[in-house]
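In what follows, subunit A forms one complex with subunit B and a second complex with subunit C.
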Partner chain A sequence: MKSYNSSIVTKQGLKQLIENILAHKYRLLAPKKSGEQLSFETILRAEEVVLNQLLRTMTTLSPKEVFFPRTEPVLRYTGQEMHDVEPPTPETVLFGIRPCDARGLELLDKVFTWDYNDKFYLKRREATTIVTFACSDQASVDEHCFCLGVGGDPTASSGSDLLLSTNGDDAFLLEVITEKGERLLNSCKEGVELQASDKRAADQLEAIKDRFVRKQDLTEVRHKMPEYFDSDQLVQETYRCLGCGICAMSCPTCHCFDIVDEPKAGTLGEGARVKNWDACSFALFTKHAGGHNPRELQCQRCRQRYFHKLAYYPQKFSEESLCVGCGRCSRSCPVGLDIYQAVTHVLGKGRA
Partner chain B sequence: MCTNNIYYPYQMKLTEIRDETHDIRTFKLEHVDPKLKESFTFLAGQFGLYSILGEGEATFCIASAPTKQGYIECSFKKVGKVTTALRSLEVGDLVGFRGPYGNAFPIEQMLRKNILFVGGGIGLAPLRSLIDNVLDRRAEFKAVTILYGARSTADIIYREQLAAWEARSDVRFEKTVDQLRPQDEGKWSGHVGLIPHILSKMSVSAENSVAVVCGPPIMIKFTIAELNRLGFNDSSIITTLENRMKCGFGKCGRCNIGGTYVCKDGPVFSASDLKGLPDSDF
Partner chain C sequence: MNSIHEVREEARKLLEEKRVGMVIGYGKGKGKKNYPIFITDPQKVEELHFESDCFYNLAVYLRKPEVCSHGKLAIVVKGCDARSVRGLFSENQLKSEEVVMLELKCDAKGIGRDKCTTCRVKNPLTPEEKNPIDGEIAKILAMPMEERFRFFAEEFKRCIRCYACRQICPHCFCKTCIVEKSEPQWISSTPSPLGNWSWNFTRAFHLIGRCVECGECARACPVGIRLDILNRYLAKSVEEKYQFIAGMDEKAAPPLTTYKQNDNQDFIR
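Right after this comes the complex of A and B.
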């Protein structure tokens, strides 16, 4: 185990670090305004990274698409001839994700390495260094956040290579979490003033937890599944689901996909077999060729998503919930569906 | 060939086509790579993803027995884009194949027992792999009974095979159709009626027996109930599911039921496994 290692860096120093990352030809991805939304974009100039903005606003979509793109070829073909595909893997720094997102990546790792290794996901993971921003600003946490209810923590370092948090008005605490993080820092620290520190985000940010209005523990749902499975309460909570799939698209851990062949327009017999994001909330997702659909009703599909997160994944892979409590699904839902609210109601714990 | 891309299929050559019914066709496929043809193995009950470049992939079980080496067979009904495209292929054409995936029938646990096979419609395909496997090792099992049912005489598959099973003195073979069409009058030697009903009249013993059931979900449901009534307990009733699948190896999420993935934890389950699943219709 690496000994614990952190330092204080000024705002200016952090800006320099970002400039060095760019100067070293890393591909830098960070939250950036794109139209109305904050999303992970390729950064070309250091000033495009607006620290206050990324500290205070959660991106609309999660960073999962850096590793698991919404569409990607898994093989190409020309007539009867197949060609293998390698995912593009430039050395990448993913900057400014939240601890819930970082944890989500660790949960996805289990899916994409379960017996069969998905090289498309794994090679991108290997080529990427994760610089996480702990939820350390008063505005980092909003009324949708509930990581504390699913075993998460707004200051956790799990899944991160480097962890940043605010340290007073004009400085940041920079913690080295992994050797990968240390390598990045060592290669990009010229001109960055680092003042050794013995602090940790987790120790000095206890107060941020008071910002959470959603603190109920959702994990107990998995222990009493049969009791909750046919709950009328759950039907009432989910019957208005439209099946649009925005919850799955914005989720850092939803990983269902489809595999289809897409012929290339304007060619004869050229194309690619592609992996596309899919969602269990879509009506055709489970429909059999014979016409039978095991999840005929929208509320059953909604239940599948909730329970896959909170009961099935923990049963299959680890004791952890697949939901990380980022709140993106409820922020985006056009009909105000809310996994936290639905599950707390089912658990009989009332409105948050 | 590609070793680290789990989505990359083997190429197989279509060497024989048999029409089972007006819409069900069987393909015999052989590996193009001679080394693979030699080394490829699978177990009865496993499945694969069959594909045509430009059209896509579809999931079917392997319908031939693992004891028949050098080729695999699959049977499919024309229902969608990929199966329609597969139907247009001719002998000599290439088919992509990924697999074998999934668990297998617990044949070792069936040794020295009476085996009752109950197949409905195209659900006979996965059973056929096991039935042939069992018949190729006939001495290791006690009584073998096969009940096969189809919607009508026009929907019966594997006719030659059925006749061969029927002709064997060491196999009890019963067949039924849901309804007899007028043109079948006087020509049908089997039963008429739904599988659970015929089963109830067959006086099969549950003693030291295993029942293996496959067919449409509704048939499986009522057959399990009938088997229970005959004294089979849930752990001695084996079935195989074919949920919609895309990847075949536990990533795409499609076949997830409760904490179970049909593609990895199945497709073969006991009735007691099924009854423990939250979304189960059984």
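Right after this comes the complex of A and C.
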């Protein structure tokens, strides 16, 4: 009897699987090259899936956009009448996200079902099967990654329906994690040679751990953070923040949005109410109608983001922090700010 | 100044003699990259560094309220950043007696996405005629209008409205940016094709003759939008039509912010 539901699949087999997914009319989303970067886009031909590259480079923006788009209408209006909007939810396969991203979605689930069930997010979640790539390649982990420090794991399966990992040169290990994943595999496995195996991605964890530069554990910092709310050191660490929203917008778990009405050009009284990404890094985020801004300085806005991630969310929802350690915010920050460095530094545990 | 040692020495004197309240410069993380630092204690001037990855244009910090609250400021500048500071003087955003420039020679070998390879002020006061981006601009100008439209539509489609381009720009100093005005709403804040088109072009237009081509916006843009092409094209037009290069003369206001009876007008139709 095999102990795990996993099998070995060759590179060719994986390509066949992707072709079958497309042939079965799933909408396939995977990291695609856009200039020098990778971004999640609709895949029309199997060759567009850049396997080698997606193992090595993380997408600039996270896959949250698949469920929580940068903009979407939530209702439409014509004169006095309002019309409900249903989000388009084609059956989707989201391929090639990382274990931190998959975990990020589980954290977002808690937010979008907390006081209100956000149908836009939830319906998309329901219609999507997630095929994650474990960070098992030599080059998957870079100097910004710190999932291990926030309770994550580069080989973890939580949040994924199927989990892929590398297995030698030209083969992969494919693990079935959920029933949803099993359904996808069953419907798309014709012509894909699967050789049963008793290995798991997690077997490689110890070897991968060595590749992390950022090793400090941040899972307990929520207890210490409140003491540092007014610390001068935190002000100094974040003084250079410019208040752009890159960190929040590229983060897999930042989820603030703004609601605005967008009148339709050339009409009178017709339009849509849309939900757009917003960020606590923006001065406008907390600015009151009368002009007063309770977060007057940029370092206060930066602090809010760090505290929400590492103290408020864990207090409110679970013991887990809202940061999954993907490192996107520090990779893209134009002035090299970095939540891991700032927090470890301020809490006096040294610096990576 | 030729070396960081001279800069440190000058910074120490300025702080000790209380001629400035803060020095803005580059510092080093442990064995890591350089980033902006802010020094108020003369004992700490040794933290100032200068290497090839000091591509940040620190002039952006000159307008931050927490920085301004320190009174007079000293700032480490390269040729490109000095243009920004002079630009701010020329637009009355700063008084020259309030800012001390600690100018450093730069070999323009930074790694900030093209910004150094296209630098024209390696020799700070005699800008080079040509800019390598000009070739790319010529290609775009040679495109039929629809194709040109598609080129920019493809670029702007990616914009997520993080406003990093604005936040990092020393010359985007408006207290309330036009995109934040809601009565009326001049520009849609939605990252839709229309909203992005209005945002990216309006920002470029507002910087005509004021942009010093420091390249920071294009470097910061997380989705790699070619803001450098837009900015360079507009700067080049101003140079041709008004013989004006932004940030060269701290007394000369940008042509589009002033009016003279004999202004060149024959291109307005």
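The rule is short, and it goes like this: the second predicted complex is superposed on the first by the 347 of 352 C-alpha atoms of A that agree within 3 Å, B and C clash if a C-alpha of one lies under 4 Å from a C-alpha of the other, contacts with A are read in each partner's own complex, and residues count from 1 in each chain.
Keep in mind that, in the parts below, contacts are C-beta pairs under 8 Å (C-beta built on N, C-alpha and C of every residue); 3 or more make two chains touch, one makes a residue touch a chain.
Values in this document were obtained by computation on a predicted structure and should not be read as measured data.
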item	value
Which of subunit B and subunit C A:Phe146 touches, first, second, both or neither	neither
Partner chain(s) touched by A:Tyr77 [first = subunit B, second = subunit C, both, neither]	first
Subunit B versus subunit C as contact partner of A:Met225, first or second or both or neither	first
First (subunit B), second (subunit C), both or neither touched by A:Arg295	first
Partner chain(s) touched by A:Tyr26 [first = subunit B, second = subunit C, both, neither]	neither
Touching partner for A:Val260 - first (subunit B), second (subunit C), both, neither	both
Superposition-derived comparison: subunit B or subunit C, residues of subunit A touched	B
Subunit B versus subunit C as contact partner of A:Met249, first or second or both or neither	second
A:Phe133 touches, of subunit B and subunit C: first, second, both or neither?	neither
Subunit B and subunit C contact sites that coincide on subunit A, given as residue numbers	258, 260
Of all residues in subunit A, those that touch subunit B in their complex	74-75, 77, 79-80, 82, 84-85, 111-112, 114-119, 225-226, 229, 255-261, 263, 269, 271, 273, 275, 278, 280, 285-290, 292, 294-295, 300, 304, 307-308, 311-312, 315-316
Subunit C contact footprint on subunit A (complex, rising order)	34-37, 39, 60-61, 70-71, 236, 239-240, 242-246, 249-250, 258, 260, 262, 265, 274, 276-277, 279, 282, 284, 296-299, 332, 334-337, 341, 351
Residues on subunit C engaged by subunit A in the complex (per definition of touch)	29-30, 33, 35-38, 56, 60-61, 64-66, 158, 160-164, 166-168, 180, 188-192, 194-195, 216, 219-220, 222-224
Subunit A-touching residues of subunit B, taken from the complex the two chains share	2, 4-9, 11, 51, 53-58, 77, 79-80, 83, 94, 96, 216-217, 242-244, 246-247, 249-261, 264, 278-279, 281
